[in-house]
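Here it is, the structure, as structure tokens.
Letters are used for the chains, namely A, B, C, D and E, taken in the order the chains are written, and counting of residues starts over at 1 for each.
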């Protein structure tokens, strides 16, 4: 019973980890850039979701759509003005541009929103479904369902729409893509916007149980990298598997080890996967 | 050697490249190359590995970072366009090394070829046509392109280009590294395509093969056109026979 | 929900906007003015080192607000009388959230701004790193950090205005046992969960030790990483632990998650927080009605001196948090020490701090109504308080001599 | 005499004489001392990051090992930090060799992420092992009177010279390594590992040697740091932001793979942080960091190959011209 | 062949499901120039990479002067005297020409004497004048020569040349062929992969033909040119003329 409870919790939270991490892997897949500032867009998404709740009275699950839209637009601008300029630079320059971006966004948020912790109150955030001895947290379930929906939407977009296919084509072979008449710059803009937008969406979705403040991104950054590495850098399907893996590892490892060591367990898995299967658990499939 | 630019649209060649200088880093690869392809013509470009053949093709597709000179296609100045605007004019380019999208299925690869004309209702008909031209691709429709053999990948690359319904098909080393039997199949297909009215600009390492399918050819050496003639005349040219046919 | 958004959201944003407007003038000019002023032999420079950016920024900002309030009051009342009405001039530096920076900016305040003393730096690790500098430069450091290490190293220039963490931890357990007993329950089995920071671990150590002495069984004792993203594993463990009460030591985010997850799993046992995130206004804001009845230990409380703290509430729209209060106390005590010694000299201030009992100004807001440091620099009069969320407010419910209301025990 | 040597001699003379004009326990000298320390740390990173082109984001692991080893030996056994420094360096080097095993085959982003994870592992361990490390509450170097043997001084001046000596030493190691056979092999591995192997370079071995040198030196500097600040906690010495990313950033902004790069980088970044902090932090929370971040991005966009790159290019042109 | 310097027996190499080499066997005698031809994708470069240890051997044996080298790392194999040049010219682009070759010379020498050896090797390939140029700034024909010099600097017994003539015109090609012959005269054993038939035919003592990872023929240039299987698989119908 305890194991099942842990498993259920792990799967639910894993869905959320997946959706906040998909953006990171998408950006890497399309552009080969590891975006260290990705978690800052999560924070921005949380703030947008929070303000939509505070000013407009919108539930964060609805506000998440606004969060997506706002951060998507911001992402397009960031891609166009900053990231685009380092696409051909050495990886070190790419990494450190995003580190600079991280510092800027975090502190701009501190200036703009203040340092307070903010959280929303929703009617369902302290309720749970009960199935016998099993508790299913409603905010977790809601976040999970929203993650599944957004994951499906992304899958449909990537596989069923011209733009999605064009984006995948750009990721797999930018030169060939432009020979198909695909504007690679534009695809990269959309990919970056989509990547950070989805992360922002994930941020808003967890608002019913999580608190937002300008440095909240730091809580997620290493986690996101773990998810993405487990799934394979650049693999969207991998991020989903990786998210589930991280959620379940965290949840189950707490039964055998002190909770304090849950990150240690994750990092060891992370290093092992990198050393033995750098392409990630899902392998070559993108 | 460059053909005078025709003023009347009826006589203007489909593609005309004049005095093209192009290159990547510091040094130019092409030093004033002029090449034309007439409406429905089959032209090949010969030369050694680094003579600049690919650079010429890539200049037409606007993939070369630095270039000056004139490139016109059916009345449009290509020099002013970004690379992604070129296919929309009806130029399909099959790059050297095939460059299929490895993680997409054969069908997805083919359909992407029509991206530039994605609202064209003729696409589905063209798709069937490609499968008829390369029946092997029909069998492997749902297979990931990266898992195909070299020859099949080349068929995907060519088929993908055909999905555009191009007026000019640019082929860069299509038989490179393929088994002879596959090469034969491909070249039969090229002749079919040409017979359908599509102009072809072919770069081919296999000189003999190229001259056997094309009607006219250019020989490039160190970024300059050193010979331009009909295919038959080139095949008889002692210089070509010595340097490129090894006879 | 609408009422809440009108009330809370915009108002919380207001101070920040105002601060942003000041940026052009005050921020850039401040060090310059400070130096200029010193040259005129007028104001007394007091250094303030706080985490104004990074993870602890909120607490740094609150602390600064407390200090600014106290400084304004002192200057408005005619400055330091012993120095002919010299005003207090605060020289503020951001320690970020890293100890090295805290030490470096401390050094800067001492040598560039000739501060007579430094206040700060909120987090224990920052204060300890800062104290390594102040000790070697013989500059008094007044702090409200409650780590035991602050005053256990034999330093002469450090002053801790609040009770130590181990004392807080002990009181957290004994006071709770007291409250339970009054409600007719004997506390026998408790659970501890704490973030693995200096604050969380030392607090937990205090509880653990006291439990051993008083024969209370700890049925769950779990540290968790700072910045935990999912507390359900903790709550699952708690569910199986059969505890009568749970003692979490955490900042806000984990605290909210813990309470929410407990409510989801219908675990109704009393929660006794270990200060941190449990005694700030955002706790109530985040939990709404579910905050009701949550107890916490606190090193100080605004309701002990409503006449002093009311102005803070008026100005910022929320009650004066304990870190704001205690930092105001630090400044107030410092000024009283200058008044007593009659000169703005670090050594004289230090000696006065060690030997005098301060019972004026903000010192009245502390337990015992005064501050008295021993030779290690610890305020011997400070006692931990038990506070509880009742209605919209955080009220002192123990020990009984300080209690403003009766505690509610909901077991 | 080569112009770079003249420049180095002048810089060293200035560095040696400069403190005589400063308050020996003041702020400026402290900033300079921290700058020298970070220049030395970055130079140590440069052996792996610059010569072997392995973008480590986990160098805090070695730094922290050095800081903890000497301090634990000092606190528990009263051992001189000099001995602790040697022990720490040995442990750091051993850990570097250990880390090399699983990360050897990784390149680019993958290597960066794997090393990042190693740094975090060390932080978690230090945090969860309070009986050894003092845990999250941190660890203090016991207060002692001025003593060279115990490497403890009230004034900042001796630390300034300590860090200066460290920087000179590490830079010398870097220069000698780069100019020696190992340097050629490392550069070959960096440019094309397969080609290097085929012409006889044992790529695994040279990479491990570089990692061990770098890790050992980094650990020794950790001890110097511990003795300088007297207090640290796991986040301070094992931190991703404060150490790992910072040392890499300094080298990269200065110019990766060059001896001058880390020094130039440190003398830009650390004072920049200080200036931003002292001018802006009193006003609005976050402003100083915001300005700092914007400046970082600007430098990277304008000069992605580092600040010394244009100078290097000039020097290279000059050399070629002379060679003709 | 008893005086075989290099003996390859039943060599196979698999990448995942792909059989890149299947049961390839041949020997090379001391001082011989062996040609290796076949269509692209036939496995020539894979064979080279497997011989020098870049790729792990899946099955079979490789003996260099009687010593088994299969399974050893490339730098060990280089130390035993077998090295290669790279098809697409894998120079250390950011290093000077001299330093490129120096790295090879360091295999058996200290820095000081390696520098002398490197300069001598560069002289030998006719690049004595551009020692201090950045390798990346060289022309393609020059780069191929640096590759050769770098390989020579390791002091090899056997050297594998992967399309060193790919980018050359007829004059340059003759020069390189002269160079290769002079190396053989110095006692080096050489295997060349080359597309250019004229070069292969005139330069090589013997030729091995690969197709689809398998050896389909072996023999003198004249015999190979007549071999029907080779003509069908590789040379194409035009060569029948």
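One rule holds for everything that comes next: a contact is a pair of C-beta atoms (placed from the backbone, for glycine too) under 8 Å apart; a residue touches a chain by one contact, two chains touch by 3 or more.
Molecules present, by chain and UniProt name: A, D = Branched-chain amino acid ABC transporter permease; B, E = ABC transporter ATP-binding protein.
Everything numeric here is computed off the predicted structure, so don't read it as measured data.
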| item | value |
| --- | --- |
| Shared interface partners, meaning chains that touch subunit B and subunit C | A |
| Steps in the shortest chain-to-chain touch route ending at subunit E and beginning at subunit A | 2 |
| From subunit B, the most remote chain by mean C-alpha position | C |
| Maximum centroid distance from subunit E, chain identifier (CA atoms) | C |
| Pair exhibiting more inter-chain C-beta contacts, C-D or D-E | C-D |
| Gap in Å, rounded to a whole number, between the CA centres of subunit D and subunit A | 32 |
| Centroid distance [mean C-alpha coordinates] between subunit B and subunit A, Å | 42 |
| Whole-Å gap between the CA centroids of subunit A and subunit C | 35 |
| Of all residues in subunit E, the ones touching two or more other chains | none |
| Subunit C, residues touching no fewer than two other chains | 20, 52-53, 57, 60-61, 196, 223, 225 |
| For subunit A, residues contacting two or more additional chains | 107, 110-111, 115, 214, 258, 260, 263 |
| Sites on subunit A touched by subunit C in the complex | 2, 5-6, 9, 13, 17, 50-51, 53-57, 107, 110-119, 121, 125-128, 135, 137-140, 209-211, 213-216, 218-220, 223, 247, 250-251, 254-255, 258-260, 262-263 |
| Subunit D residues touching subunit C - in the complex, by the definition given at the top | 23, 25-28, 30-31, 34, 124, 127-128, 130, 135-138, 140, 143, 154, 156, 229-233, 235-236, 239, 242, 274, 277-289 |
| Subunit B partner contacts - residues on subunit A that touch it in the complex | 162, 165-166, 168-169, 172-173, 175-184, 284-286 |
| Residues of subunit D defined as touching subunit E within the complex | 180-181, 184-185, 187-188, 191-192, 194-204, 319-320, 323 |
| Residues on subunit C engaged by subunit D in the complex (per definition of touch) | 19-20, 22-23, 26-28, 30-31, 52-53, 57, 60-61, 91-94, 96, 98-101, 103-105, 107-108, 110-112, 124-125, 128-129, 131-132, 135-137, 147, 149, 153-155, 196-198, 200-202, 223, 225-226 |
